[in-house]
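Residue numbering begins at 1 within each chain, and the chains themselves are lettered A, B and C in the order written.
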Amino acid sequence: MDQYAVEAVNLSKAFGGVHAVDGVSIAVPPGQRRALIGPNGAGKTTLFNCLTGSMSPSAGRIMLFGKDVTSVAEHRRTAMGIGRTFQITNVFHDLTVVENVLLALQGTSRRKWVFHRSMDFFRSNWERAGAELERVGLAGRASDTVGSLSYGERRQLELALALASTPRVLLLDEPASGLSPGERKRIAEILAELQREITIVFIEHDMSVVLGLADKVTVLHRGRAIMEGTPDEVKASREIQEIYLGNV
Amino acid sequence: MNWILQALNGISMGSLLFLLASGFTLTFGLARFINLAHGAFYLLGGYIGLSTLRATGNFWLALLAGGVSIVVVSYFCERHLFRRTRDNHLAQVLLTIGIVYVIADIALLVWGGNPLRIPPPAFARGPIDLPWGIVYPRYRFFLIVFGAIVAAVLWVIYTKTQLGAIVRAGVDDREMVDALGINVHRLFGLVFGLAAFLAGVSGVAGGAFLTLYPGAEWDVLVLALVVVIIGGLGSLGGAIVGSLIVGLIDAYGRWLFPEFSYFMVFGPMVILLLFRPTGLFGRET
Amino acid sequence: MGVAAKVGIGCAGVLALVLPQFLNTFWISLLIQILVFGLLALSADLLIGHTGLFPLGHAALLAVAAYTTAILEVRHAIPTLLAAPAGVAVAVFFSLIFGVAVRTSGVYFILVTLAFGHIVWGVLLRWSSFTGGDNGVGNVPAPTFGPISFPTLSSYYYLALAVVVVCTAAYRVLVRSPFGLTLRGIRESESRMRALGYNVVAHKYAAFVVSGLFAGIAGVLYIYWNRFVSPATTTLVISAEATLMAIIGGTGTIFGPFIGSAIILVIRNYVSGFLVQWMTVMGLVFIATVLWAPDGLLGLARRYRARRARDATSPDMASLPKR
């Protein structure tokens, strides 16, 4: 293996005087499932934002498949193969479920600039959208507006949007948060079924999801990466238990 | 010599703009409210001040009446209309434009369509002798002094007092201030009231050298908006700096390129926005 | 589209074709105005209803097209076949410049477009050597395409109607295309769109320029109707009314802007005939729309139908597009 799928090198992000991310280095080889855990405020989402490009770091570099993308715009990084979900569900509220997925599908395609043909013209698109909805279990809700979806269904849609652009690197920000046990199980199943080639970095608080899916775990605390290891190693670590104070 | 005279013209104009823009920017900064009726407040305050002056002959009373009457109007609008828009800026824009229509129409009915000038008070008539042999209209000089005093007082309150600290905190993070137990509604009321008072007062002050006329509610609004765009929404310091910049450009523009003076004012704004979309001291909304 | 809607459009179409035979010039003139400003409102609605941007300077784009065509026809005797496209081209040129406003976010965008509109007004007013200042440009001849000319109000009505129908059809294709869906995605969540790979600023800019194209066409239609243009055409008031027309009729729809145009223009031109305080009425309509019908008349109709079918939420400020 000669390059990492996604890498942060000495990354820092400061807001005013506060260092949300403080000199974090993390390197994820292709195909790995990496869990990112840590107490609230540890800087996990901020790290994600720097990786995807929605925020620019104060210091450090970000690499995507060996290329330095630190100054590359967010939408270009997506075209290069990075996809993400948001911690607070960020879907298109006044559009239908299938329109949401169609937008995700055409995001990295030239088709998004076509202005003289109706959306109906692109048959293959609709079929693919159907398949994506099938995958997350929303096939029956295709023509409903997002407004009528339950919280759990919106989280499913959130995941579908990230998957639809066939990313090579998938960043999931608490994909299971706020879901019922049944819904959590389904999310875990969907993630487990994803192709092995896809690199997944996910932020999670639910240890069962972490243990079931993660190859390796990175622990963040107060903006610093304080430990890296297998799920069992991290679970056994006294230091980590103290930090969480029983959150696990 | 002319350069200095135009600079003074610019500063006096900036002074007036500051009176108007400061309230607008603070109202936005704290309550996230775009009040396009601010120009109409200026005009109505000016007209009411004029009527008061005609009735009593007292300029200071006219200033007071102009200010207080707008506080009343603003209170009524805030209580029954503004509140219903919450954080929806488009709603605020359309609502306040509707209010402008109504105020402008009433003003037209009561005071007519001819430009009216407010006669300056006795002490501010005629010229004043300034250093370096400059002779300048007394009233404009008074405006510069008045504006500077208001700016200084506001600045001190804003940066040095606890009330100012609370307002600044509110501009920064409204939810936090609310969570700290501070009565946010009363704070809003205070800032809205102050903004309204200044708008009305500026109408009286401006009416003495700009005249009051139908359409002024838009002309001054746009200038105040340029001040706020350049200075940054929500920033008092930005309002001070922006007012001076716009006032000076307006004065020099009218003198050097009268046909393009508008362009001179808005040109720098466009260029600034290309590099700093939130103005000099503004922040992301 | 439901059967009722199709029947409604059919009736409207028949009326539109037949009505002028029975109306006097005042009403035909009003109908033309409704078409022209409806098109302006439609152009603004591409931004408001579909992209989530609120422009307050579109009257300026209409005006520069009108002035260009007027000056070319009156002072340089350029024929309509060239003067009309030139007018549209100038409007597009201006929207290429004004379009930089899309780099600013919500609130600033409103203020910046407002300011831009005012620059145009100010220059049109002050640069009197070129624009005629307050006196504007008048005596514009009837539109003439070779041997065919449209000298009467009635004949011009049909020309304007044809142009507006074609524009509206093109607009409909546009909003139903992938590009149209992209704009609606931007309206809903810019951050999501960026994360999905869209260059949001580029799309907004493109939308602004297309909007300017339609506004320019409206401007050319305007000048051949009015035969005169002055700075009064480009005030903030007119831009605000264009925005309100889109909202009052129902944003994001095809016919909403025209419905709104009809309402606003009837107040402005007809109500003003018998009510001195017509501006107060206009202001109250603004206020009432914002408070009670934020997604316009078509939105009210939609909600009424939904309420009859099942329980629906009551109208609130959330319906108005935010930002």
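Note that in this section a residue touches a chain if its C-beta (ideal position, glycine included) is under 8 Å from a C-beta of that chain, and two chains touch if they have at least 3 such contacts.
No experiment lies behind these values; they were computed from the predicted model shown.
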{"item": "Chain contact topology (line, ring, star, complete or other)", "value": "line"}
{"item": "Chain closest to the middle, measuring from C-alpha centroids that were averaged per chain", "value": "C"}
{"item": "Chain at maximum distance from chain B, centres defined as averaged CA atoms", "value": "A"}
{"item": "Approximate Å spacing (C-alpha centroids) for the pair chain A, chain C", "value": "42"}
{"item": "Distance from the mean Cα position of chain C to that of chain B, given in whole angstrom", "value": "31"}
{"item": "Centre distance in Å when chain A and chain B are each reduced to the mean of their C-alpha atoms", "value": "47"}
{"item": "In the complex, chain C residues that touch chain A", "value": "173-174, 176-182, 184-185, 187-189, 191-200, 203, 206, 210"}
{"item": "Chain C contact footprint on chain A (complex, rising order)", "value": "52, 54, 73-75, 78-79, 83-84, 86, 90-95, 99, 102-104, 106-108, 111-120, 122, 161, 165"}
{"item": "Touch list for chain C against partner chain B, complex", "value": "48, 54, 56, 100-101, 103-108, 110-112, 114-116, 118-119, 121-123, 126-129, 235-237, 240, 243-244, 247, 276-277, 279-280, 282-287, 289-291, 294, 317, 320-323"}
{"item": "Residue ranges of chain B in contact with chain C within the complex", "value": "28, 34, 81, 84-91, 93-95, 97-102, 104-106, 108-109, 218, 222, 225-226, 228-229, 233, 258-263, 266, 269-270, 273-274, 277-279, 284-285"}
